[in-house]
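Some structures to go through are shown next.
In what comes next, chain A is part of two complexes: it sits with chain B in the first one and with chain C in the second one.
Coming up: the complex of A and B.
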């Protein structure tokens, strides 16, 4: 349909995602004279790290989140906000992007080069009661307190791993909340001293962690390592949590405590949003450290599809600084492919800074690794797939009946076929299956996301608005 | 879970919306999820199959748990939708207040 294609918006470089990685990629590309089209799911650019607080809710919201955001008003940058990219398909020497946004948003976009910077979401770790209202992700809690200026409860339990939990705890305390306990699934990071060299110079981050730690001690919060929330209970909402060691078997076999809270915040780190890169056909490999499939990339962060780059947390969790330098590196490579002249010393400088930031990110992954999906805690009636309400018991049953791959489990149970397209249950289902079969996750095959990778009304799939 | 708004800047404007046919006050810039939570409602809907209560979970548009009906359009994510004056919000769950 060349004549139809000819009507599509055609661009040199499309960047999907306006968080740190996408914004930095846009700035770098623009520096080299490449006009940029930036597509973002949210009403305002910034992603999760540079998320703006609405001016009406916070008098200080003119505050500078990032100089990268100021660049977006440049003439050579076009931002398409509030818009989902639901599919990517190779088309000629570039890619066809399928968009769905507010009235007037282009539905199709042809890009010669594409940089995917889709970011990440809180890594879901199921346990009995995790669907009760009052159980929210750490990311949700942080967004509510910081950007909506709402304290989402009175008495909080934080369960998960890593320093971000401390940051959240401090925000909750500052907002007048009561933090009953902070549980970290990992043991105390004694090995931290080994990483002194990589952490050297990261004063701002180390200082933030230390300050958070001190305010928690002052607030008399219970701090426990190697512990998690094992169960949430309540009539229609969270009323109490049963907490205890990560492993060791049933509640009867280990020492558990009951603790009255109204809100449980889950902060088990982040899971990369790989759906779009997977749907596009980029090869992915399982990373046992991050417990996630990550896109295979060359040294310029190009995926296995030529001219399609994947950067930032969506390609492997590294945080906002790794994300920005990855965005810049990919933009340099994309610009070179678009026949702009790129200075070799700029590439070298970006690579150096990226390597430095990756060393620090690696420390966090070493000290606070992604925990398993807590198989010991899952009861047969625990809902694993929140969308389709598929329980652990149903998955165990189809495994007993002979299912040996993720695709087989998905076909029979519909787990992962709901609105979230497996973003919530994909990891937990694969780890449960691996556990039941006694096999590594890598042996179970992958489920290929099909377009649309996000829910879009039927009318929204059309090339033109109806 | 009783949620509470932190202080708004002095002179911050308000607007009114309708939540399950009752009038409620909100602030521009708030999402539908914030308005519901501030009203003490944390059950936004009940699931089709198990009729289990659900509310806000991921808070960033990924999990699709916080679905409500907004201005007649069903299955809209409360966490991703800013309020506007006169908005009609219908939840699928009774008030917890």
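Coming up: the complex of A and C.
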């Protein structure tokens, strides 16, 4: 049972993040008799995949979204909601977690084992005009229309890649929005047939994509492969989008179209939220396929820090099913480290299912990679770091003056030093730098996030409430 | 760097002092190589508040050099043809008790005698200048309206840039593994990229200078604290002046326990930097510690209660060098000809232009001031 010693709550297992990965890890650990403390940033558990619609709009509990949510009412599960973990520090044989949440939330927690399941955020892809009001991420649009029942505009253009765009388009149409166009930066997935074996049995997901496709055809939306929005224009608000081929040159060199829209949804996939794992000191390596730094993990999903596991989209984008099986696998390993007896055939079964889910996830990454050509569109006056308002031109200038690493550019220009601490601009700045210097991203060095990894009020850093 | 064309001088450390020394050497026509273990300004030079401060200088030669250096700041941007963000803001040394008041009274008198426009303010005058201060926390302040701020990263970047224009060679992400000495003379350094020979080696590596000095058989009296600070999101005007607690002047050096000395600077964009937790250590680490952040937060809230809800977005930690007698290590090392040290300055930014010029002059022969012997790096403390 949790115990308070020296003002610190002491627990056997802390799980950070109550999305599919964290929930599945909690259920598996609980099955093995390990009491779980689950900490989540949002007021209600579920993460982005099992996100409940607010009760006042829906009236339902949200438990139908996943049976995993029902497990949280068990006596051996403690859920700390609406709470940020802003730092993790090695302490004795475990880890000290620094928390900030509503009144009454513990501020410090000592955990013998930790499973991080932080999820992912929309991958930002800057282009000229992307800071105009009316440009939003596909994830934000989906949350608004699906969970808040708010239509964030009237006439939409979707630009990005992958099947999530189709899902969003369908929700926008259902809610009464007008979808002018859906652009996918990648070519039509002709190669998809090669993946028939991996996709076999994924009927539910294939069906969802097909249904979305049909509604778009019916709504007469423009569908273009290998295309992106090249520029957004308008007086204080998006009024039109200039669209064209993703790998083309200037507007004159390629055929561009102008489409009148008031809202542009950017859906270039997700980027893992690795800040907490990096702050804790887990080693990360650049993955060129995912175009992101990912934690180095052993076969039980333990990071390079003993007793600290990283699972789900926060360790590499794989979707909600990969996330759940990763959560279960890490929970089995953590339980074994906590000297619970774990059946070998359970481990084998979880590994098998995880391997199957990963094969399908790999298909999507292969068919809809984050496009490498988007940097061609950037102009000197495109803002790259929104917090500090640093433009492409300013970064190019310090590179010409001799800055050779991500950190050097960051220090001299202050790109990535604002409120988001590079969560948004870190990737685009690295990729711009790589292009300017003609080097791979992994040669430019990393910037280690410093605590607090999310903004916390000054008083929230204190060990006790004021 | 080709073997047949060795540099005349090697500067170790790409911080404020090293970059200024390297720039001044290159400008004087000395073939110079600057070697930095990380990025430029990635040690203590990039972890300070950018204060161009006069009030806290040691009296005597330190103050004289401080004032001489200060005179160069107004035109520094023009000299380097680079926007380094210099502007005057004012500085307050905050006084909490009678003992500090007495210390600041003496300090005010001596600063005024040296021509500094320092003034002792009472509580009301201080709070009129900075309405955010908690009146119950202070009894007054030592104020100097002429002090200012700049962006230390930009200053280091500008020195390196203009140094390169004058022929400076720069190796970043290269560790110096040793200083080579033969027959009582420096002959070069060994690095992760191989050995480089040179007649002159200038050690300007802050806390890292101690271990490097040992490779040349020199025990430098440089110590360091693990210093930690944090920064808020962009806030409306919170403080126009830089602020530092006067407790720094009564603090006993060498405390192993963590201590927090309040200091604050609002950046031009509006972020507020808050410090500083310090712990004397023999480790060279950069990790933020879970005890330091709440300690800095509690102290900041005591001085400026309105900060309590300000969002903190980042912290940092760095070894900050100091010399127990509060005077810098500046000049030639006795017994190792050709080895110069420039580190352990109490207030580094303001001394950066003049120290660069002085040390470059020690190589070219232009610096001939016998009084500098009091800063000898091999003096007995």
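One rule holds for everything that comes next: the second predicted complex is superposed on the first by the 455 of 466 C-alpha atoms of A that agree within 3 Å, B and C clash if a C-alpha of one lies under 4 Å from a C-alpha of the other, contacts with A are read in each partner's own complex, and residues count from 1 in each chain.
By definition in this document, a contact is a pair of C-beta atoms (placed from the backbone, for glycine too) under 8 Å apart; a residue touches a chain by one contact, two chains touch by 3 or more.
If you're wondering where the values come from, they're calculated on a predicted model, not measured in any experiment.
**Q** Looking at the overlay, does A:424 come into contact with chain B only (first), chain C only (second), both, or neither?
**A** After superposition on chain A, A:424 lies in contact with chain B alone.
**Q** Using the superposition on chain A described above, determine whether A:268 touches chain B (first), chain C (second), both, or neither.
**A** Once the two structures are laid over each other on A, A:268 reaches no partner at all.
**Q** Now for A:112: first (chain B), second (chain C), both, or neither, which partner does it touch?
**A** The answer is neither, since A:112 touches no partner chain.
**Q** Check whether A:455 is in contact with chain B, with chain C, with both or with neither, and answer first, second, both or neither.
**A** In the superposition, A:455 touches chain B and chain C alike.
**Q** Specify the partner with more touching residues on chain A, choosing between chain B and chain C.
**A** B
**Q** Look at A:407 in the shared chain and tell me whether it touches chain B only, chain C only, both, or neither; answer first, second, both or neither.
**A** Only chain C; A:407 stays clear of chain B.
**Q** Quick check on the superposed pair: does A:89 touch chain B, chain C, both, or neither? Answer first, second, both or neither.
**A** second
**Q** Do any residues of chain A touch both chain B and chain C, and if so, which are they?
**A** Touching chain B and chain C on chain A: residues 388, 418-419, 455.
**Q** Provide the residue numbers of chain A that touch chain B in the complex, in ascending order.
**A** Residues 41-43, 48, 53-59, 121-122, 124, 131-137, 139-141, 143-145, 148-154, 175-176, 236-238, 262-263, 273, 383, 386-389, 418-420, 423-424, 455 of chain A touch chain B in their complex.
**Q** Flag every residue of chain C that touches chain A in the complex, lowest number first.
**A** 38-42, 46, 153-154, 157, 160-161, 164, 170, 172-173, 230, 232-234, 269, 274, 288-290, 293-294, 297-298, 300-301, 307-316
**Q** Which positions of chain A touch chain C when the two form their complex?
**A** Where chain A meets chain C, its residues are 87, 89, 91, 96, 98, 108, 388, 398, 401-405, 407-408, 411-412, 417-419, 421, 445, 450-452, 455-463, 466.
**Q** Quick check: in the complex, which residue numbers of chain B touch chain A?
**A** 1-10, 12-13, 27-31, 33-34, 37-38, 42-44, 47-50, 52-65, 79-80, 82, 96
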